[in-house]
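By written order: A, B, C and D. Residues from 1 in each chain.
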Amino acid sequence: MSGLEELYKEIIIDHYRSPRNKGELPPPATRTEGFNPLCGDEIVIYIDVDSNGVLSDIKIGGQGCSISQSSASMMSAAVKGKTVAEAQEIIGGFKAMMSVHGDALGDPASEATAEPEVDLGDLEALKGVVKFPVRIKCATLSWNTLTQAIDEATA
Amino acid sequence: MKGSIMTSSPTFDIAKIRKDFPILSQIQDGKRLVYLDSGASSQRPTSVLDAMDHLYTHSYANVHRGVYQVAERATNAYEDARSKVAKFIGAPSANEIIFTKNATEAINLVAHSWGRANLQSGDAVVLTIMEHHANIVPWQMLAAEIGFEIRWVAIDEDGMLDTSNLDVLLDGAKMFAFTAMSNVLGTLTDTKALCAAAQKAGAVTLIDACQSVPHMPTDVVDMGADFIVFSGHKMLGPSGIGVLWGRAELLDAMPPFLGGGGMILNVTKDGFTPDGVPGKFEAGTPPIAEAVGLGAAVDYLNELGMEAVREHEVSLTAYALRTLTETVGETLTIYGPSEPAARGGVLSLELADVHAHDISQVLDEHAVCVRPGHHCAKPLMRHLGVNATARASLYIYNDTDDIDALAEALVQARDFFSI
Amino acid sequence: MKGSIMTSSPTFDIAKIRKDFPILSQIQDGKRLVYLDSGASSQRPTSVLDAMDHLYTHSYANVHRGVYQVAERATNAYEDARSKVAKFIGAPSANEIIFTKNATEAINLVAHSWGRANLQSGDAVVLTIMEHHANIVPWQMLAAEIGFEIRWVAIDEDGMLDTSNLDVLLDGAKMFAFTAMSNVLGTLTDTKALCAAAQKAGAVTLIDACQSVPHMPTDVVDMGADFIVFSGHKMLGPSGIGVLWGRAELLDAMPPFLGGGGMILNVTKDGFTPDGVPGKFEAGTPPIAEAVGLGAAVDYLNELGMEAVREHEVSLTAYALRTLTETVGETLTIYGPSEPAARGGVLSLELADVHAHDISQVLDEHAVCVRPGHHCAKPLMRHLGVNATARASLYIYNDTDDIDALAEALVQARDFFSI
Amino acid sequence: MSGLEELYKEIIIDHYRSPRNKGELPPPATRTEGFNPLCGDEIVIYIDVDSNGVLSDIKIGGQGCSISQSSASMMSAAVKGKTVAEAQEIIGGFKAMMSVHGDALGDPASEATAEPEVDLGDLEALKGVVKFPVRIKCATLSWNTLTQAIDEATA
């Protein structure tokens, strides 16, 4: 079961069982939904961006597999309290890590963007996901939703 | 939970059947492949592949338009397939069989063609909460355009259709579109009674028979249906073909759906005159080899006998319900009717708080193929209060070894996630 | 009539190619089969059949929804085919490739989805008189509903598009849908110039490339097209699959066409949220094996090189125009441009007053397969003042022997009907 | 070429080259069009049915192959001056002859109707067509159109 153990690292299971920043934020927080149409995973992200452009609070709702839930949980911990610019750098770093083997369902023309030097901390644990291409969409669901939330909050 | 101990009738030789399906002899990581995803798409026997290859290497040409012998053979092969499918479901005439690309297109065809001609603002269409998205979204798209109401038949605790208020729901409805068997719960519906109720209320019926036609005898006349749809790829046939059957009077009166070659009597710069059925609904080059493959699949199923297929699946489902419950224990939830005879061989599983995606991943390590997700039935999933299930679905080539492997793999998953 | 004497380039080894097509080694009544109906549907090499059989016997499952390895391989195979097709036509992104059941569905998709969202009463859609019914009837159906005007670009005496009044026709038009190559006359249109003219007028373009993509290099960006459609079965691929390519911005903005599984982000009882492209337009189980077969067909054509394919067909067309005229004499009329470089290898023939049906019947006795009829282009036939032609259409596996056999059989037909 | 000679009997070619009752009839004659969507053959039938129910005149227009044209020509000669009932008997007899080998594109359930005792005269020459199933539609086009014309004229 070496493949499985590489995928389901302890820290992933930990974030799955005890998700950080779970919950909701009241308006005027930005609320954004994301869906993985393939498996039915749903995620709801609430963010507050203060007047200094700081992501002052983030809460996560929804349901999903261990990969999507732990990815969302770790993400929330990584971006909370960061500026929007810093958060976007982390998003870029994470997506680059996930596209090492490429999102196989993508574009013949697009190349993996050069990996920026971002310290992803705990998130590095999700690196094993790239060996299971079907699960990449699980890992990136919350990140795509966050991108959308930031776009909406700063629009 | 009841059910016989016998898991196969004497005429049902699974070892022999399995030899006809090359993909099943595959070894994955040293383990025998346990294919339990026929509800999504079945595998196909060599005879189906051979029939298509033979057409392609001996008698292939475009159909309906050539005079030369190769084209005539191709046309006959295509039309023979239509006749075989008609007989298989007890259709009064082969001309009532329309080949589409899949069951989804077939439902869309009815929604667009029959729907636009017959539905108006203020009308009602009745669906069940168990429907596949294929039998929901086309009606929602049309409703958004026309403005009719969609009403939903509920289910009871055991996953059976709740028909207690059916007459109220059908009152004034123009269309009742329902599944013959749920692809999530395995629930069989009483198609005959539902059609009778609809007819009494003056509603046209469309039966989504995707999960029933491959698994049990079908007689559209006995059902009393107006339309039924199903897919080739779930009944040993190739991908790329689906079937719509409709009563001749209804089909005759309907406007065409897709426009193009093969569906016209005449075209001028000012307009066109459509052909009769089935041509009217088969615009463009049809799935020629796919029809021939589907015909060979029908031959294969007829050889086994659909009664025997059903018997095999009821026995195996009973075995599975018993074995899984006993082996995996109470952390396992199996959705759907508890009585094997009331259901098809579709087992939607939940293992405590482990997500279906994660179960399926662990099962794959044991070469056990099940499908995690919402199974294109999100309204039902929401009703059940579950985000995703891991679905094991059975077919003619599955045996008790497959069920045992599934049970064993579920135990491993349970242990892996330490629950 | 001009044209080179050489009928094949040194890299184009027809004898070797023919060996890849088992059906061509067929003997009919003691004669070598002369297949001259590739314009209706081509034959396919063993590699295409093998690719599909290999999928079915090793890696078949429904796509996009499974986590297990077999399903992942199936999904990758399906998506690889999308990428191959994208590259083959120079599409900027594989996500712009939508698999349909045939080219006809692809045009209907654009008419329904783009058309309903963008066309209104009083608008104009421009077609050419050379269009196949597939590029006429969908627009007529929509025009009958919405009430826009259809305008027609004419052809000149040599069968070339008459663009003298194109600017007038395009004035105020919202859509210009035209063929890249006539399936009756072989006429090539100047797709790049036509797209430029449409763009200047603010009209969206749809190119029916059914007859061009299989026979010559295609670059959708260079053409400047907005949409193009073509069919797998005319380019060595299987039946049951067609392709729509569209510019991402247009596809993104379009509403879905067919509703069902695989095209949604979410479904509730109240409505649905569509997925992005290409999923949005691929409702239901797609033509999985057919896509893989088409991918293998693209590989085969790439191996030959589309420049070489075109060169071969121009030479063979030149040889055919010369040989037929010389051998059969003045009772024979060959429609379409006289210059081989201005046309594809489609030869619509008329033999004095003998009906195409009767010619084709006699030719079949000589194992020569040609197609009689209106070729789904009745407005063009009416314009030409002819009821039916016998059409011989060429492809990579045809050689001068085939042309000689055709000429000889035509002489026999001429004599049989004593003209 | 024995197969071909069986199909293209001399009398067929004769009717093709010199079609009987070619032309049009002025209103109030009934005008009915038929199409063979597969090959593009078109036929126009004009009939006059007098007050005694006699098919007093018939004219044929349109274009088509030798089989469809000769069949129409022979048909016109066979039914002209006959009562509607007699014409219908001839139609039945001809269709029965054409379905000896069955219209392969038809119905699994339908059986060839019992062949009534109708003397088809010249029309017997078209018997060879049943060996070429694709051509049956050519031979029956005018007959189906006549059936429709009679229905309209006597409606």
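What we mean here is this: contacts are C-beta pairs under 8 Å (C-beta built on N, C-alpha and C of every residue); 3 or more make two chains touch, one makes a residue touch a chain.
Keep in mind the model is a prediction, meaning the values are calculated, not measured.
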| item | value |
| --- | --- |
| Number of steps on the shortest touching-chain route linking chain A and chain D | 2 |
| Furthest chain, CA centroid comparison against chain C | A |
| Whole-Å gap between the CA centroids of chain B and chain C | 32 |
| Whole-Å gap separating chain B and chain D, where each centre is the average of the chain's CA atoms | 44 |
| Centre-of-Cα separation between chain B and chain A, whole angstrom | 36 |
| Interface hub residues of chain C, defined as touching at least two other chains | 65-67, 71, 262, 264, 266, 357, 361, 372-373, 378 |
| Residues within chain D bordering two or more other chains | 38-39, 42, 135 |
| Contact set on chain D toward chain C in their complex | 1, 3-4, 7-8, 13, 38-42, 63-69, 132, 135, 138 |
| In the complex with chain C, residue positions of chain A that touch it | 35, 37-39, 42, 104-110, 133-135 |
| Residue numbers on chain C that touch chain B, as the complex places them | 22-23, 26, 28, 33, 35, 37, 40-41, 43-44, 49, 52-53, 56-58, 60-62, 65-71, 100-105, 107-108, 111, 129, 132-134, 136-138, 140-141, 144, 150, 152, 231, 233, 238-242, 256, 258-264, 266-269, 271-272, 283-290, 357, 360-361, 363-364, 368-373, 376, 378-379, 382 |
| Touching residues (chain side chain B, partner chain D) in the complex | 64-67, 71-72, 75-76, 79, 83, 86-87, 92-95, 262, 264-266, 273, 275, 279 |
| Chain C to chain D touching residues, read off their complex | 354-358, 361-362, 365, 372-374, 378, 381, 387-388, 416-417 |
